[in-house]
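A single structure is presented below for examination.
Letters A, B, C and D name the chains as they come in the text, with residue numbers starting at 1 for each one.
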Amino acid sequence: MPEFHEECGILGVFSPKTGAVAQDAYLGLCALQHRGQESCGIAINDEGLIRLHTDLGLVSEVMTPQALEALGEGSMAVGHVRYGTDDSRSRINTQPIMVSHRKGRLALANNGSLVNYSQLRDQFEDEGFIFHSTSDAEVISCVITRERLTSGSTEEAISRAMDVLVGSYTLVAMSAKKLIAIRGPMGLRPLCIGQKEDGSYVVVSETCALDVMGARFIRDIEPGEIVIFTREGVRSDRRHCREMKQSLCVFEYIYFARPDSVIDGVSVHEARVRAGAFLAKEHPVEADLVVGVPDSGIDGAIGYARGSGIPYGLGFIKSKYIGRTFINPVQGQRKAGVHIKLNPLAAVVSGKRVVLVDDSIVRGTTSKEIVRLLRKAGATQVHMRVTSPPFMHPCYYGTDIKSKDSLIACQHSLEEIRQIIGADTLGYLSHENVRKIAAPIDETRFCTACFDGNYPTQAPQASQRDKYTKRLMRIGEMA
Amino acid sequence: MPEFHEECGILGVFSPKTGAVAQDAYLGLCALQHRGQESCGIAINDEGLIRLHTDLGLVSEVMTPQALEALGEGSMAVGHVRYGTDDSRSRINTQPIMVSHRKGRLALANNGSLVNYSQLRDQFEDEGFIFHSTSDAEVISCVITRERLTSGSTEEAISRAMDVLVGSYTLVAMSAKKLIAIRGPMGLRPLCIGQKEDGSYVVVSETCALDVMGARFIRDIEPGEIVIFTREGVRSDRRHCREMKQSLCVFEYIYFARPDSVIDGVSVHEARVRAGAFLAKEHPVEADLVVGVPDSGIDGAIGYARGSGIPYGLGFIKSKYIGRTFINPVQGQRKAGVHIKLNPLAAVVSGKRVVLVDDSIVRGTTSKEIVRLLRKAGATQVHMRVTSPPFMHPCYYGTDIKSKDSLIACQHSLEEIRQIIGADTLGYLSHENVRKIAAPIDETRFCTACFDGNYPTQAPQASQRDKYTKRLMRIGEMA
Amino acid sequence: MPEFHEECGILGVFSPKTGAVAQDAYLGLCALQHRGQESCGIAINDEGLIRLHTDLGLVSEVMTPQALEALGEGSMAVGHVRYGTDDSRSRINTQPIMVSHRKGRLALANNGSLVNYSQLRDQFEDEGFIFHSTSDAEVISCVITRERLTSGSTEEAISRAMDVLVGSYTLVAMSAKKLIAIRGPMGLRPLCIGQKEDGSYVVVSETCALDVMGARFIRDIEPGEIVIFTREGVRSDRRHCREMKQSLCVFEYIYFARPDSVIDGVSVHEARVRAGAFLAKEHPVEADLVVGVPDSGIDGAIGYARGSGIPYGLGFIKSKYIGRTFINPVQGQRKAGVHIKLNPLAAVVSGKRVVLVDDSIVRGTTSKEIVRLLRKAGATQVHMRVTSPPFMHPCYYGTDIKSKDSLIACQHSLEEIRQIIGADTLGYLSHENVRKIAAPIDETRFCTACFDGNYPTQAPQASQRDKYTKRLMRIGEMA
Amino acid sequence: MPEFHEECGILGVFSPKTGAVAQDAYLGLCALQHRGQESCGIAINDEGLIRLHTDLGLVSEVMTPQALEALGEGSMAVGHVRYGTDDSRSRINTQPIMVSHRKGRLALANNGSLVNYSQLRDQFEDEGFIFHSTSDAEVISCVITRERLTSGSTEEAISRAMDVLVGSYTLVAMSAKKLIAIRGPMGLRPLCIGQKEDGSYVVVSETCALDVMGARFIRDIEPGEIVIFTREGVRSDRRHCREMKQSLCVFEYIYFARPDSVIDGVSVHEARVRAGAFLAKEHPVEADLVVGVPDSGIDGAIGYARGSGIPYGLGFIKSKYIGRTFINPVQGQRKAGVHIKLNPLAAVVSGKRVVLVDDSIVRGTTSKEIVRLLRKAGATQVHMRVTSPPFMHPCYYGTDIKSKDSLIACQHSLEEIRQIIGADTLGYLSHENVRKIAAPIDETRFCTACFDGNYPTQAPQASQRDKYTKRLMRIGEMA
């Protein structure tokens, strides 16, 4: 059902002593699974030897007891979950990437997307480099390891590499003796530090992973900051901080992150409740009930109810058993796809004027079906409210909406969209208020390019990565 | 996490013409999956030839596109999902059961548990019968087919069989030309009829399956009623109706059924909300927030909030990705099991006095962990409220609590339980009010034996089935 | 490539003390795998509790370390491998069958096929019995357990059951305290006894299994004999011996059995060599080389070479890696099927006049392809010699040739067959000599019905089993 | 059972028009499976787009119908099978390798092992290159693509690359428009060209693959030759021919290759027969029977029989059903491992003085067990004859004997070995004659380093590859 995807979640563990860091990474990746469900991987560092296991599949599928046992004990770990777009669904693109180079070895996990990927790769190919994948992580590894040839340390090489990387990147890197966490200067994707009772440091994309790992939140990593964990202690290199305007992704609050996470000091759940409350002011309506589309519209619905005084209600029952393996057997016109996952609670909505809250409308097909189901269950009116502005522009920073083709808001007016989805009224959150949902973060610090087209960087060349993808293709691995 | 299980869900389809009845059954079973996750099966009737596919696994795992294609088209279908207790986890016990007999063939799916299983099986063995499984369905098949030898029709044989079956049973049977639905005279388990737009009749354990199958609810089947679907039309045999006191299982409303189902005219969701409201009156407390344990405590929490005036809030985020395959890697003292599935929303509960609502406490281990997590997330007080009375007596009618050993309420006083789970206060729903949650159903019509020990039938001989199970064992099938 | 199949192999282990009988059974079944590759199973007896594991697949696939561990230790075991014809390829027909009855429990493995299956099943259905499968083993279990009601012992019940069973059957039965081996009165299929150094008795279809199990051959079981193994010792019931004319299956020597087995005192390898030598006398030819079709024609070729004085040579290399999972990718006219498994040794056959020896010609398609390959590899002449007479009549006693439709010798004259397969000359072993290949066994003791139509019993009603199979069908299990 | 392994087989297809080249490659790889059973892969070229599928497993397991369909049609293909030593058993080391570089793309399959791997990799790392695997193919790709930066064509780049590659290598390379086959200047591993009736060219390690692919043998590729297939025709670059002394691996004839292959003009089968005949002269013995250890000792036994006049006989029956998945369940002292695969034919060997021929003795454990089994089956004497000299020195050119530790001949005298394996006499082929088995190839053209230590190149630094392997490890993929 989701129509829009974050591409990755990352994680690092640095323990003062050898132990079950793979298990820690496993628990953390389970909590980050919503950021990417296609592939995952864990690399651990056992006295300088790096062992890696990655594969296509959910964390609980890939990280079997046998795999965890084979990873063994260590003192550091890097983990990754990945969504993966159609053109890169292959084992070769799984992460962490693990490479060997002149000065040693490097494991690397990235969340983000470079806009100068093509330029960088071309430069390396000019020098005779070969590439095995189409992942940013491979190019970033090349940049870092080349800088490492002439740098005194991995962190110095990373700092120099950041001079040439343009776009969104958030990294956890591991060398023989160090774990290094980097949040790109724009700060598009979140990254924070926690600590376990045994003194281990943990770096994760979202705080919900800290909770599950049993770690206490220490602080967010600053945009542009490099944090180096060694046996001697934790150091920070802030020379790239504030060299660019910060561009925190507002969609992390709207949809990507888990509601139980706190990003840059702001609760995701509270941001969504606030978005719902703003919507109630912007698009009031006379109604009997506010319901949210599970799971991402629930918080917004609570906010709309709070803002409007209309009672909040449980509108849908979501099946727990329909996973990725579900194959819709119905060939005809009836859409079993949404209904089998989501059934309206007729006892609640029947005879009611319903406000339906969701986080976004991407293609509109799911919204249309949900509105239809609500009416069939007896809702007399359905007022659709969306906790973000219309999605009008592709995202170049690590999500899977890379062209305008599939965006309903690019093709249709508000009134047309309302008709297509079959709602009585339709209201989107305003551009003004979407920047305020994560207050007290200053509203100028956000990237809202998907709504307004104001990109914080140059755009990448159109379909830059296609030229590589179209040359080589790995297949058959999902069979 | 669930500590208490319904054992089965059943389903039948009768179509006026040959078509994709297997697909219909598949969708319906997906919607009934919460009633049994261990094995499932579909039998279809293609012009008198019965084809069957059953296996261990979820519906979406067992009913692959290849399996559905092999089942092919037909005009009738019988479907089953099963929980399965430890001593019967084997392919041989999957249903529907499909047998060949003197007068033809029979496919049968059952939800329930006979208390005279042992007596009946002994009688058959005295006549030289052999048994392949330990399922009630095999014994019921023997009773029906033996009666069929001297009966003019399958429905007549079934009616005579009902004279000897004692206990809980709810059946969908299929012969070469007929689909027959039977709800046992006590009515312990639900069964209802729906109809699709193309005229097909559908029989299902719960109405949520009708929604997903695109069928309109027609009516509940009466306790004791036999409904016969043939090409000539639908007939009803009510001679067994009202021959026994009805004993509807109140736990269907409290926990087993899906909230979006309506059983015997009463919405499951509304019954749970009502239970929560009763609790608010019986066990009031001064607090800031009411939260429910996902998923089964949510409705009760809404009811408690409504009854008490204390605001309802989203207390937990539940991971969508932790399924049956999850293996807890943590060996030490920390319990990752609950936490990885359920994370408290600190932003919501921190600093609050929280009322925590759940449907039942069986062993108490989960409740204890949830209370601990709430406190860790900052709740200043945790008041546990349970939307059912203490669970004190085993159930003999098709669930998996067959002895008192694992029931915390049998071993400990209320105060001891409160201390064990670590709550500030603890309140259970009263025996009086639990019978009123499904009003306007008359309160005398319920079975509440698990709370008060008033069984509507004789108890089965202690561990009657064990004597068979202990003789033969099939193994290795989950490997 | 094989065109004709034995249907089963059976095995029993009786140990004086509890131990790894499942492992013994596993090794023995591996050695009997050539008798059936579709499904297999092992039942063990652990102090009266019978545990069973059966599934579709090879022994090495089904009997995983986990499965063997779950079977655990015991003092008796019954094992089975099965070929399975198209209409019965299903888990429900796997063996050993394990049932519970009035006087206890029974595990049963059968090699053979009843000709009065239909009559027996009809009788039981008249009494109200239900049937889950279409296997003889289920009907035989019913006969035995019914007789057991009024018999003092399982062996007495079996002896009485033998009064009503007509056709081919060879059984290993296991009750709580006994292991019982039965060879049907006609003796169609082999069965013999061995003993291990630790005193365990072993019953197997072929002696090659004794070798692998580390057991010493004791003796063949007589046609009609019942051998009872108990803690008190080994007893024999011979009341059914010699009540019928013996009808040993000559095809066991020609093709079914492994050459390293010795059946009823005669080496299978030597019988095949003798068949080849007879052929050399019956159908001499001037040639340079004798080669055999691997694997079953090798022994015959050695015999032909010895009988004719023409040198024996290695004619083909057989791929070790093309198993059941091989799927021929070639869609066009070229037949990769045979060639990928069997490549002629051009260095050996090129420029030579070759005598090609095989055990039988069933449909003729494989022979045609092999002749073509030999010519392509440079053979100047190909003289086909077959170590059995033309296959003209269906077999009712436990193989998979049940109609004349697929038998080339029923449709074509000798000369036509020669032309079809493209050989220069073609010679079959005579009816007279085929009865002499297993000398000193008296030639009147063999069943040669497949060559001459002289069946030792009534023929079964045409497609008797079809009427049951066509009513019920289990599907999807190979998916 | 095999104790010594070839590491790879390679293959290329060049078709004048787009078609089922993946299917051709599949058939050919099935025929080359004996050269490597651990992983395999096929890359096809569809109008310049290269699609690849590789995985761990046999060809028939990895190349499923779905995988072949996904590979689709094309006009060129490269295929590979690989044995893989313990330290490199990982998906990352599967081949063909497929990379993208400045001038385009390259798929590459290699059979061999560089002795200057370490030096080359160090040079590249000095330039900042990163490495993902420990395979020669990755280093060779780097060498070729770097040369390609300044070369006018891929073949020119390859020719220049050959100036720096030292050791054994045999390559099939594919660029957007060309298929290029290279046999290293020493000619250690075989490579030849065939042609199908439709005009397609085929390059394969062994001629047996041509047979199965339906291709006619054209010629062997010369040591040092580069053959370029393009739409314009076939060209040959011989500038590296004869720049080194040829060093054809004599073990290809003794054991690695299939007997139905012809390498450099000499039939492998005939070479083995000749080796057996030499042995009969060198180590005569009075005996009744010559038998070979299946499969690789069969040809030698035929030769010994021919040379000695002692009759050849079938000594063993080999199970067809014991594959790689077989797990020996026996924990105790008895060795079921060999016996379950190989059973002596007692009818043949009993009471006989037996000459037992095998191709080599590596560790001696298998030979010991086979001698024991022969005696148990009744052989009165066992005279072991080996169709190669004692294996004394590790092989650096693409096999898996990389140290002396596991070589029985390094640790023990001839007499000690005889005692260990329990033979009455023991005879190895002489150093002199082993060079003559493939006559008329001149005896100076062979590499016999494993027997005499005369390596045709420098030895690699001890465990050179270990230093890379020990830094990074991929795991869990066989789970």
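Definition applied: contacts are C-beta pairs under 8 Å (C-beta built on N, C-alpha and C of every residue); 3 or more make two chains touch, one makes a residue touch a chain.
It should be emphasised that the depicted structure is a prediction, and the values quoted were computed from it without experimental measurement.
Return the chains shared as contacts by chain B and chain C, ordered by label.
Intersection of chain B and chain C contact lists gives nothing.
If you average the Cα atoms of chain C and of chain D to get two centres, how far apart are those centres in Å?
37
Once you find the CA centre of chain A and the CA centre of chain C, what distance in Å lies between them?
Going by mean C-alpha positions, chain A sits 60 Å from chain C.
Give me the residue numbers in chain B that touch at least two other chains, ranges are fine.
Residues 64 of chain B touch two or more partner chains.
Each pair of chains that touch: what are they?
A-B, A-D, B-C, C-D
Write out the stretch or stretches of chain D touching chain A in their complex.
So the residues of chain D touching chain A come out as 48-53, 55, 64, 66-67, 70-71, 91, 97-102, 104-106, 122, 125-132, 141-142, 145-146, 149, 468, 470-477, 479.
Where on chain A is chain B touching in the complex?
Residues of chain A touching chain B: 20, 22-23, 26-27, 30-31, 33-34, 37, 58-61, 63-65, 68, 208, 211-212, 214, 258-260, 262, 267, 269-270, 295, 298-299, 302, 312-314, 316-317, 319-323, 325-327, 329-331, 334, 336, 339-340, 343-348.
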